[in-house]
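In what follows, subunit A forms one complex with subunit B and a second complex with subunit C.
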Partner chain A sequence: MHRSIGFYLRIYGKILVQDIKSKMSYRSDFIISTIGMICTNIAGFVSFWILFQNFPSVDGWSYYEMLFLYGFSLVSLTPVQCLFDNNWSLRIYVYSGDFIKYCFRPINLFFYYQSEIFDIKGLGQLAFGIGTIVYAWAKLGLPVTVLMILKMIVFLITASLIMIALQNAAAATCFWIQNSFYVLDLVFRFKDYAKYPITIFSPVFRFIFTFLMPIAFIAYYPSLVILRPDEIPLLSWLSPVIGLVFFFLSYKFWMYGAMKYSGTGS
Partner chain B sequence: MSSIQIKNLTKQFKVLNRHEGLKGSIQDLFSRDYKTVTAVDNISMTVEQGEIVGYLGPNGAGKSTTIKMMTGVLEPTSGEIIVGDVVPYRNRTKLAQEIGVVFGQRSQLWWALPLIESFRILKDIYRISDENYNAMMDFYRTQVDIEPLLHKPVRQMSLGQRTLSDILAAFLHDPKIVFLDEPTIGLDVSMKAKIRTLIHALNQEKNTTVILTTHDMGDVDALCRRIVIIDKGKMLYDNDIAHLKGFFGSYRTLKVRMDGDLQAHAEEIRKEVDFSVSADEEWISILVDEEKEKVLDVLGRLQHTHNIRDMQLEEISTEEIIKKIYEEGVE
Partner chain C sequence: MNLKKYLTLTRAGIIESLQFRLSAFIMVIGNMLYLIVVYFLWKAIYASVGNEPINGMSFYDTLIYLVLATALSGFMEMYTVWEMGRNIQSGKIVLDLLRPMEYRKYLFWSYSGSFVTQFFFTFLPTFIVVAVLTHGAIPLGINLLYFVISVVMAVSINYSIDFIVGTICIYTESIWGINIMKQVVVMLLSGATVPLAFFPETLRKVVSCLPFQSIYNAPLTLLLNGDPDPAYVLQTLGIQLLWVVVMLLAGKLFWRVSLRRITVNGG
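== the complex of A and B ==
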């Protein structure tokens, strides 16, 4: 029974509005976690800044170019944080047998599961990331044209799919192994390397970050399209396709695990 | 029209033969030593639209496995199964539109949302028309005091309120079949009664088929005419409760009260009579088969050895019948 995107968007919108309303009602929880998110971002930025007090450039990348990369990674990591946060709880639902409660609705299981949680704190990161990109953009004197902005949006969205795909796949391992937290944690730690140009790593890691755990597509390859228009590698142009393919594969993997899930005894 | 048809349904699981100790665990890592466990063994039954069937069996009997096959979560190893007009595991999404599922201790509602918002989202998910939705809500209002619940987030509800809400949510899209898995577990007496009344009313009004798994014979007595009992994956019984009681027609429960430690007395009586004896805080119950010995003879004998202060005579209860079947099977 296939249902239109409009159908799903309407349901998502409804859940979202209600969820935000109820979160706001736990005010201290909301304020504290928002402050926490701001602090995390500031701390991340400060360590980045300190690094550049000591090195004028990293492997031929200037301070503002690095800042652009940093902002790009923040923005493209926002959707995974806001929309797919329930992946972190998946192993708990699966282990306790509670996951079975998601299996009886006449809508897509993956959608239904992910729609349950919207992590509003991610929006702070989004604002921070956009601010950083705009600042770096201005300092680098990049042209502001419709085409550039369009490119930017397409590449940001497809880049965000990479991290979503990695997280989906890592979370879905819990359908087979018991202690999948370490897999999820490992993948999530690697995202910290996304904000560096891949050329600073050794060839082995360059290979890993490009083809095995493709975090280089979260910021590096798509940024090149904007930052170095004269020497864009093929992989940069391919990054939207790679984002879509990886997302699709991770979705299939997640659903495969979920469909073979049969719960615990009651 | 029959609403569930099951024919020679079997489900087997492959389970690793585990070895003991640390050395055993390491062995297990590389072991291909599987054994096959048959959780459901060649079960057949047909349930008509509108029936309430009590699906009973001791823990680990295969109840959950059967329910999971009926709801499409598990694929049968062999046999046929049709629920509504769908083969469950082949088309889970279509099936979901036709069924409702309630687990006694696992709420399916949105934890943080007030009940009315959960209902509104369900209305969209199941594409319930305004007309049907309003009619259903009006019917709910005639059955339970729903207003205080509607604006309360599910996480602030008591277990009883939550179960009640889950049942209302499961019937909201007017499903043909509802599966209730221990709906009254952990509830107090008055809440149990409320929930039984609600289930009965919904079944009557909507002609919904209800498959009820429970360990509480109060649920069975209040709701089910027909019961199906399985144990170790095999079907032991499938018929009316009245019929079952006929089976055990020669049984009476003799209840006696005496001073002192009832458990100790029960232990002594167990040595004197040939029947099953149990004790609670007030009464010692002896399940007497009158074909073997008359109740009054048993009572006469006991009067010689014990100081009996009070006595009662009862028909065999469903609880005791089920217990006897679990222990001895049906001849």
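== the complex of A and C ==
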């Protein structure tokens, strides 16, 4: 079942319009949720600000460099929030048996399932993240060239695949276990640790956060390409590939679970 | 006896929360990860200033403070806002209102069983591990008594805030947004994410006039001070008591006013 990307984009547009129409009937909920989202981002910002009132730098990272990392992590965590939020409902559909309806469409199951929900409140985080990056970028005096901005976009998009992959895999555990909410919640908390430079950890945890729970690729490795252009480690250059690989693996895992799904019989 | 009906709810809560062992296990892993991150982050921070104490807090003090703040927050998170929001939206609240017990009390006591399990399975182990790992940096004296008294009042203030925020759901019908805002404000302004000792002077003055610092900062500073000045202890506990009363009354009043506006669709 191979269709062109254009076909899928058209379908996505149609589903998106329907979803936004239904969301707009709960306008106050949308506004309050967006404000809530921005509040969490501001709180993260304020924590950094308070910390750096007392310390000049952390492990060789200045205030604005840390802010850059924070902004980078916010932007690269936006796609998982906006586009893949339906993963949170997966266990409910699977448990109730409603998941079977997705299996009967002549389009890619994973695509159809994820396209059903677009979480608009993530856009507040995107705006705040971009603002933080621009502010830090200006304060650090980094050059603004077409190449830099292109690099930034490519690395941001591929970095966003990491959290998407982690969440897909965590959500897909519901095909096997009952209490999968806690797995998803645990993995979702990983994202809060993406904003710290990986060098603060001991070698053991550096290894864990790089290869086993690859949160270092959400912000640290990719942003080194922009922040420290003189000493870019190999892992930074590899981060787009790693993002793609993890995404592909999680997709296969998710689909494997879905294919095993046999419904509830009702 | 009057107390008996409350304790029945506590017992039911204990039995209920013991059912979810896998979730408890995963939560412990999640907390461990958080503590590892906190440990390395603050180690790096203190290394950058040559491991000198900052604003009277040494590395161990900060670590104990933040670790126990996490343990306390696991202890105090009652999901009241979610529970109230969902009950209001689904209409189940009507059944709860019919019970021969004030809704505010019913909600609290039906959750209280988790206090017992959380205390023995999360807080106590964390406390012992921290006390051992920091080689007795937690003073064990009269301060423990002050800490316990302070925590009891903190639980009450925290519940009152939750109840007030939950009542707002009657008006907004938005649970996620309201709850996340509450969580962010409480965690930041109570000193649970960054100890209040690190706040800049003016901000600390503002925050000390708000109820939030009575939830985490008050009990934890009382715990860390092995030789407390009686005037300071009295002042801290006095302010807490004041907030207990104020927030309790505010919550009750707000609930009574809001209840008239409640609309339940179907049932």
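Details
Everything below uses one rule, namely that the second predicted complex is superposed on the first by the 266 of 266 C-alpha atoms of A that agree within 3 Å, B and C clash if a C-alpha of one lies under 4 Å from a C-alpha of the other, contacts with A are read in each partner's own complex, and residues count from 1 in each chain.
One rule holds in what follows: a contact is a pair of C-beta atoms (placed from the backbone, for glycine too) under 8 Å apart; a residue touches a chain by one contact, two chains touch by 3 or more.
Being a predicted model, the structure only gives us computed values, none of them experimental.
When both complexes are overlaid on chain A, the residue A:I32 reaches subunit C alone and has no touch with subunit B.
Set against each other, subunit B and subunit C differ in how many residues of subunit A they touch, and the higher count belongs to C.
After overlaying the two complexes on the shared chain, residue contacts for A:P106 are found with subunit B alone; subunit C is out of touch. Of the two partner chains placed by superposition, only subunit B is touched by A:Q18; subunit C is not.
In the superposition on chain A, contact is made by A:S47 with subunit C only, not with subunit B.
Residue ranges of subunit C in contact with subunit A, taken from their complex: 20, 22-23, 26-27, 29-30, 33-34, 36-37, 40-41, 43-45, 47-49, 54-55, 172-174, 176-181, 184-185, 187-188, 193-194, 198-200, 203. The part of subunit B that touches subunit A in the complex is made up of residues 59-60, 64, 68, 71-74, 92-94, 96-97, 99-101, 103, 106-108, 110, 112-113, 117, 120-121, 124-126, 153, 181-182. On the subunit A side of its complex with subunit B, the touching residues are 1, 10-11, 14-15, 18-19, 22-23, 97-98, 100-101, 103-108, 116, 261-263, 265-266.
Put simply, subunit A touches subunit C in their complex at residues 26, 28-29, 32-37, 39-40, 43, 46-47, 50-51, 53-59, 121, 177, 179, 181-183, 185-186, 189-190, 193, 196, 200-202, 205.
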